[in-house]
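Mind looking over this structure? Questions follow.
Chains: A, B and C, in written order; residue numbering restarts at 1 for each.
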């Protein structure tokens, strides 16, 4: 999984600009699915037909948070607008990279205290000596991402950006690969959604057209295992996190029960997750068209939305195993 | 009494409405029980109910528990029929909002009401973080005009929480007024057990009034009876909760009655405490020592009355007292009765004095 | 006033049901036994909306949606602590100011009684007084040992208020869960009264997930599936108390409320007001500048748009264990619903 994760995390995919990630994933998914298409918003939808008893939609988002150039100062510094929820205190002096390949440093106005950090207090320094030179490299509307590789830490833990939510995409690919030769009860829709970071927009339209009976999102979740973290019974390394609730969704209790039963039957390490903030594609799928039974398998992740998110690949593997086992278990 | 009968007795006592200063209904139940047990009793001028089991030439020994509970008293009836109130006894305002209450109506029939609370939809972010003060609260009895309200209640009408008596978990009890109907129940239990027994004591059992606002009833009872020894049966606030360090937990539920060494109003008699502990050990009765100096009880006045009294307090560890939902463990209720019985029947003044 | 005892009993029976958001189907059999007989058919959709249908028997009749949400605020367990205590998070707008010393039921492998802990004045620190704790800081006492509790409860187990009801001196009733199951009772009563005079096929939707529906609740998807011609949304409305503003509340005992705002259909609302007036049903108007705080905005924007009238049952102390309603208002709401679903005039104007 690490190799695939490295490959897709290396692709530029700021919200609204997910094409490169999508192309890479399409090439992968052609091997394991019967049908592939891209919808009007850019969601990549791939289908593996089963017995057609029910439609199951698995969804992970391709996009990542980033920055968009809005103005170039006389000094050559580039003003930005955030794309998605940026934690500026965590991001100051990080290296960033534009879609065109221009590198820079995200710098705060040095008079501003960290507590007051906001987008208008930041510029990207691309090393240009003035506006003229900068304008040759950067145009208004160019998007930047964090310029960080995925690196391996102790054991199976990795850090880098974006793990949110390329790890979910990798899980979907692994699950599809795992089930490539299975005849399942479900028609399985592997959906790689766009624009999650700006309000779960892609999954909403994808779910409208797929009209699933059951939908499962795969995304990272916060943890309670770092100093000062809000109390939360979810830890990196404790297995796949079956979401019960976050601030945007209450997962279908019967689906939660089915996932717990599947994990127990197959001895897959799992934990239960209640996140008191944040949301995922789960809610938008749940409420699309006539609604569906929705749930989420989360990958516990520290330092979400920083340039150094941290997960345990064993948790991601547990999510993939649990997804495959759940599908094989049938309707 | 069987365990089940003891629980039923406690249920009956707890559900009676008896806010400080209006203990009559509790006294009625207690007098009825005393009658059934075959005891004579007197009621003094403050309302204390007293049983005397006399024996000449024996030490004068007083056992007491208070009949009153925390509650509230109506101090204003608004034009639109809401009741403003003051607390009777120490109540944390945070346990009041949104609770069902019961008031003693003008004609003696109970009046049901609720303590109103502004809907969360109307609260400012600041209000959501701040507890309301009692003076800003109101009781809603479902009427629209002052005149209508006045047909049910008056200024000075008092009331208490309307809360269910529930057995739950592994032997736990939840109710209002456990402080101190539990003490009353234990006294009735022991009175039943010592009936017609030869005792080494000149014994007074006092069911006292007005503990919650200054230990008043016990004071006059002790002044009138001049006991040499006094045992107070109480409930003690407990913090045996996760995240509370052991030394601050006061005592723990299910480990027996808690014997006080001192609290804010009394330093208990050392010899009496040692005697009680040794009896408990001898008879295998669970008991614990209160580990934290807090609160106070009727002993505060009793031990200083007249020429002075050797005082002992045995308290049931109780979570969340002074709220509609006090919690105790039934094992503590039973073992406290055993301990009081043992102290009375095996009483030895010499051992106490020489300890 | 003649108090309709049957309606009072139905209100209390329905309000006692466990229906914490997400668990609307928990007592589904009991729900069916209480109200099922008044309808031709019923089913539960994918998001947990329970739909009861009563047909008028006419060919090509309009579909009338009567929506009233079934869910109730509550809590989910977040952690099982030493000594048999639980921590929880809120489901919907739970007021932490009313939680301490409240009785709750934990719906685990079996229902478990619990008490929300409080700190007695004797043990309080001076700097703690006057502050309300956040919900995550409160402990629920179950009286079980941790090991036993772990067999009965898990992270995510729902927790609801213990049912408790009082009849107040003036005849109003107080208790938990009137938001919104008192409306469910009134609406059912109204449809029952309508008998065979229906102007269309009535789809009673007991919708799910209203209390957490920031981005839309069950009604959004339920209305999409039903695709009605027009709709009536019934929900409790914020009642006046001494600590609230007159222009933000309605009077408990002042009759059923009808909401005037940009989201409610002007013509449908006007016709409903006329209808209510002509039948002598006690009503009051409630004016808001924005939405309604009910399912109306969601239903209104479903598919090509659905005309809605928004009616309310005045209720004091919303989201507490001592919500207060007046049975005269309940009766007025039932009458309004009855007249609404029977109105041929409205059906004629709003049938597609």
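For the reader, a short list of remarks on this structure follows.
One rule holds in what follows: a contact is a pair of C-beta atoms (placed from the backbone, for glycine too) under 8 Å apart; a residue touches a chain by one contact, two chains touch by 3 or more.
What you see is a predicted model, and the numbers here were worked out from it, not measured in a lab.
Across the assembly, the mean Cα position most removed from that of chain A is the one of B. Relative to the whole-protein C-alpha centroid, the nearest chain centroid is that of C. Averaging Cα coordinates per chain places chain A and chain C 36 Å apart. If you average the CA atoms of chain A and of chain B, the two centres end up 59 Å from each other.
The distance from the centre of chain B to the centre of chain C, each centre being the mean of the chain's C-alpha atoms, comes to 40 Å. Only residues 21-23, 45-49, 76, 78-79, 87, 89, 91, 136, 154-156, 158, 209, 212, 214-216, 218, 220-222, 224-225 of chain C touch chain A when the two sit together in their complex.
Only residues 78, 80-82, 90-95, 97-100, 105, 111-123, 128-133, 136, 138, 140-144, 148-149, 152-153, 162-164, 166, 168-172, 174, 237, 239-243, 250, 294-295, 319-325, 327 of chain B touch chain C when the two sit together in their complex.
Residue ranges of chain A in contact with chain C, taken from their complex: 213, 230-233, 244-245, 248, 250-253, 256, 260, 271-274, 276, 283-284, 286-293. The touching residues of chain C, when paired with chain B in their complex, are 81-85, 93-98, 100-103, 112-124, 129-132, 139, 141-145, 148, 162, 164, 166-174, 238, 241-245, 248, 253, 293, 316-322, 324, 326.
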